[in-house]
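Chains: A, B, C and D, in written order; residue numbering restarts at 1 for each.
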Amino acid sequence: MKSRNPLYFAGIDLGSTMTKVVIIDEGEVIRARVESHTGAEHRRLANKVMEQALEQANLPFAEITYVVATGYGRINVPFADSQITELTCHARGVSSLFPSVRTALDIGGQDAKGLKIRDGKLIDFVMNDKCAAGTGRFLEVIAKALGLRLEELGSISLKSTNKVNISNTCTIFAQQEVVSRLSDGVPLEDVVAGLHEAIASRTVGMLKRLKIEPDVVFTGGVAKNSGVVKAVRENLGSEILVPDDPLISGALGAALLGKELTLKALEKGESVQKKERRLTEVTFFNQES
Amino acid sequence: MTYFMGIDIGSGTSKGVITKDGELLTYHLLPSGVNYRAVAEKLREELLAKAKLSPEDIAYTVATGQGAANVAFSDQQVTDIRCCARGISRIFPSVRTVIDVQAQSSQVIRLSESGRVINFVVSEKCAAGSGRFLEVIANVLQIELKDIGVLSLKSKNPVAFTTGCAVFGESEAISRVAEGSAKEDILAGVHQALADKISALIERVGLEEGCAISGGGGLDVGLIKRVEEKLGIKLLMPHQPQMVTAFGAAIMAEEMVQLAG
Amino acid sequence: MVTGKINHTEILSVAEAGLSKTKQIYQDRTRRVKELKAEGKKVIGYLDIYPVLEMLTALDLVPYRILGDMREPITKADTCLPTVVCPFLRSVMDLGLKGKYNFLDGVVMAHGCEVSEKTAHIWRTYLNPSYAHFIDTPHTTHAAAQRQHKELLKDFKRTLESFTGKELSIEKLKEAIKIHNEQRALVRELYDLKKPDPPLISGVETLQVMVALASLPVAEGNELLRQVISEVKQRKDGPAKKPARLLVWGSIIDDIALIDMMESIGADVVMDDTVLGSRAYFSPVALTADPLDGLAHRYLVELKSPRTFRETVLSETKRKDYMTDLENRFGYLKDYAREWKVNGVILQALRYCDIHGYEVPGLKDYLASIGLPSIYLEHDYSEAALAQLRTRVQAFLEVIS
Amino acid sequence: MADGEKKRAINRLKTMYPLRALVDGMYERAVEASKEGKPVAWCMVNWWGGDAVLRAMEVAAIYPEDYGAVCAAFGTAPTYLAQSDSDGFPSHMCGYARNCLGYAARMKDLGEIPPEAPMGGMPKPTLLLSSGYFCDTRYKWFQALGRYLDAPVWVLEMPHPGVKESRMEGVREHNIKFLVEELREFIAFLENLLGKKMDRDRLAEIIDDTIEMNRVWHEVNELRKARPCPMHSRDFWSSMPASLYMAADPKVTADLYRQMYDEAKSMVDNHIGAVEEEKYRLAFAELPPWHSLGFFNQLAERGWNFVIESWAYHPPKPIDLSKVSDPLERVANLTYQYFSGYFEDAFNTGDWWGYFAHPYLEFVREYQCDGIMLHPLLTCRTATNHLMVVQDQLMTKLKVPSLIIEGDIVDLNLFDPADALRKAETFEETMSHYQKVRKEAGLAW
């Protein structure tokens, strides 16, 4: 093969809560990983997150061979070469980390998904995206009300010996319930553990709609929360694997899929000549509507 | 002893009234907070102080609302649906349907000439169908609750909410702001979404002439307008919509004494 | 009068292209039947695919299929059908209560599924049409059930005769069967045009044709089909080649939105097995000496719908074999998949549809056994739900590509 | 009461217990039969025809519908539901069906009756007797069981005429003929499957006993028109399975119903009601919340007596079958009567929905109910479909209000007792209001 310029692939996962960018090279070595709150502003400024990643990788945008956008806002990333759903990207990302994976649970900010994976490929899935209960947003809302940081929820709940039962399904009413439980004198760790149980039992219930086969991987931002990890493990009654960096499996998968697409094109002798693309602001809503 | 007390411990706000000879003497409201028992006591103190009465002057007290069980000094508990019907009927004798928009749910009640409940429906326990949705959005937009109605009326181009969830609705509102949508358009969108939910409830019990609105939602002219448009009717508005249920509780107290004596 | 010839071709002037005609009818379904009504014809609404339309046609009644409208919020039906039943039928009932079907001179409904049975009676009571008949279609193909079905068709015939004051002769019925069979053959021909890659006609266009057929007297429908077929054969601007060729199976789809969504994200819907598609048309009626025999047999035995129970013949050991059972029930889908070169199957059912819901695991097993990937989607007959389905469909397309 | 013990809010009939035991013992008897190598059928309620044939052929019948309620009560349902979910059955479908599918899946995995199965479990069936009656689930479910069981399925057909159609000349005749032919085809199928002939005399005897059993059971329910009503729905629910499921020889069952008649009769004679002070008489539609029956005690404390319930669980209106000699035709007529017994009145009042909503009008009128409690179920269309119409008609025609409490047959979480009680309390006011309205309208109660 003629020597050619090195290839780089970027995956951008524009999630409802977090925007994640991963850049890899041909050897699938991660050259950059950036995460940032999606926030209302950043939704538009996804290009900024991309710029940070380029800076980390020390590459100009033009050097990126292929960009795959995924996540909730994938359709609105004008500088991406293609859009792939977060389901496929997560499946790909997770299998690159754990080749033995057959079932994955991904809990993100706005939805929860169950993935069936065979030989690194997505073969079936379930998802819930209608109600905030059972998603990361549930924890965000309540953490905020309690003045806690998301990062500390896990370790707090691990102290619990007697988790409370949260009777309200609705996130907003659960928030109120939690406040009143605390004022009744229920220890914080028991309340937080109750919240983790609530989210775990809901999502595992959904996951069970797929025939669960080991290995089971738990990914997505919520997998960073050790309390939920514990509750998911208990609800499943079996071991689960958690990536070191569960936030980025979608973006990583996107980058890997970008690589596959590129290599396939190269094999067919099609050019990987990048089409004209520019890092522009992302818009989220149809302006005409 | 012709004084009666009605206490309505709601999920957000607690309301109390004292009536004398069937007329409203005084009322008071406090945030419910998390200690219903304490707020009930406080409410009673304030009411009695305002009316310059002592506890013995109150012939009978009826408690209602979701925290009714915590009102230690009440003589009787009655459901908020009945109290609301009784209250509105006393205020507007011609009313046959009342839309009660509370913080945790919305309900539609059909009532008889004498204020008896003849049919009712209660919304699901989902914040997207209750007053809480408005609070959440008002908070995001940093507008005081009392101002959202008037502001919403200014909207010419309500934003259509794509989600049926109050939490996702909140994020949507935030993005809309970032995208440059006007606050009034966002509010009007929320009012529209809520009006749609309310009208679906009304369809289930049937709409009759003479329809009033009560509960905290009755303070919101933006919501009222959207509901009126949706139903194609005019809603009757009590001066103190939020107090209707507590007032009804006091009326119930009065009735119970009459029945017993 | 059943002549098979068109006397009133104003709206179907040959000059106008078949597809744009189709689109017009799709958008304004009632126009043609209202004209016919003005001419003094009687229009009979029917629900589902079990009412035997040949009888209507034979008596010169205009059959008009009652459909829902997923773009119209359901506001009136709550008082008579709860939210845990099929949203399509709720929509149908809602439109009925809103007076949208007041132009009908009568209705015929059948025991398609349980909710449609209830809907038949509720419709009749609340809307009080001057003619209403309910065909209690049996659930099995037992010999007794076939005999019973024929009796039921005789009952139907009697009520029609007394409604029209005319006798339904054997000859007329045979003639009607012929032109309905002609329509079935033409639909086959149309579906054949979906076999090439890319297909000559898209899924969206096909559905529009099917809705148009459900809104026209059968002879006019046949004419429209001929026009569409000849136009489609000649045209150069057909659908593009897409990576996925889908078969869509399941509950009724009477709005193009769902198919449109699929076709807009990289799929061609080349085949379907739904009641407003191939399922309604692919089995012709055998011409029997007593035409009722052919009709009774076709509607009960030949029509392939999961609402009719078919038992698999027992093996030597008098046990049943699961795969044989699946082959019996779903074998025709294998043929579809082969002939239309399908590479993925979308199983879709309206939420709360029991008839289709119970089939899902078995059908998935069957499709897997013949190497076809599939996905199950549940939806609630509303536009709002499409956004959520989009990601699922897209992910499925990624799975199969 | 003399010993200071708190009186139970509902007076339970003593004669109910043996009837319940009859049904409860059904599972163990079937397991026993299965061990002895005798044929076992999983069977849908078919309103007597198919069941009589099974009994005459000495096939042990068990009823997965009933087993769904058993699993809900014993708390094993969630395990089976989760199994069915993971096998891909949509979760909005019938809770009993999903429970059974999950059970069958587990039984297939384990190769034996799952150890946690309550009441001895359901042994592996020789055949599945499904039903075309009422509900689509009841044949789709057994068909879907093919995934886990190699037993053949027979669907017993039942005609479902509309009210108007049923009155056409010749319709009754062809429907009865259909039912009879269906039974004949079923018998032929069974004889082939089991390789033996049916004892026709035995069948005739069973059918006659069944007819008699239904007659007595009907008489028991007639007694409930008395004020106060001697038998609460809870007792009805406990004793009705014995008539719906042919758990025992119908002769035995008929005797037990006779004893129940005597007990209820003596209560009526002594003006003793099922609840202490009968303030409100209610009807109930349709399937009860099996796992929250205690709720009815709370209502009984408030003076609510439930005097009549879902017509589908009731025996047919009496019909003279003395002129029908062929046993199959006798049972066909009984079943057809069960379905269409209310059609005459429905026809005369123009209630075209006939069987599924009209009986409530008759019940509420005859049992003089102040209200009806409707229990829409998330996972059962059949018991929910018509409730809005029932509500509307009862109000329009009889000025009787409905209380709607949502729930499910197996999913405990959907029934919220606190919320239900709040609604019930409010509803008392509504019932009192309509007592007056009915009086003004000149209605009898």
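Definition applied: contacts are C-beta pairs under 8 Å (C-beta built on N, C-alpha and C of every residue); 3 or more make two chains touch, one makes a residue touch a chain.
Computed from a predicted structure; not experimentally measured.
Across every pairing of chains, the maximum count of C-beta contacts belongs to C-D.
Averaged C-alpha coordinates give centres for chain A and chain B that are 40 Å from one another.
The geometric centre of chain A is 49 Å away from that of chain D, both derived from CA atoms. Under the contact definition stated at the top, the residues of chain B that touch 2 or more other chains are 164.
Residue numbers of chain A whose C-beta contacts span two or more other chains: 130. Touching of two or more other chains is recorded for residues 87-88 of chain D.
Interchain contacts join each chain to each other chain, per the touch definition above. Interface residues of chain B, counted against chain D in their complex, comprise 78-79, 81-82, 112, 114, 116-122. The touching residues of chain C, when paired with chain B in their complex, are 73, 75-76, 78-79, 384, 387.
By the touch criterion given at the top, residues 78-82, 84-85, 111, 113-115, 117-118, 120-122, 124-125, 132-134, 136, 138-140, 142-145, 147-148, 151, 155, 158-159, 306-307, 309, 311-312, 314, 318-322, 325-326, 349, 351-352, 354-355, 357-362, 364-365, 376, 378 of chain C touch chain D in their complex. Touching chain D in their complex are the following residues of chain A: 205, 208-212. In the complex of the two chains, the chain D residues touching chain A come out as 82, 85-88, 91.
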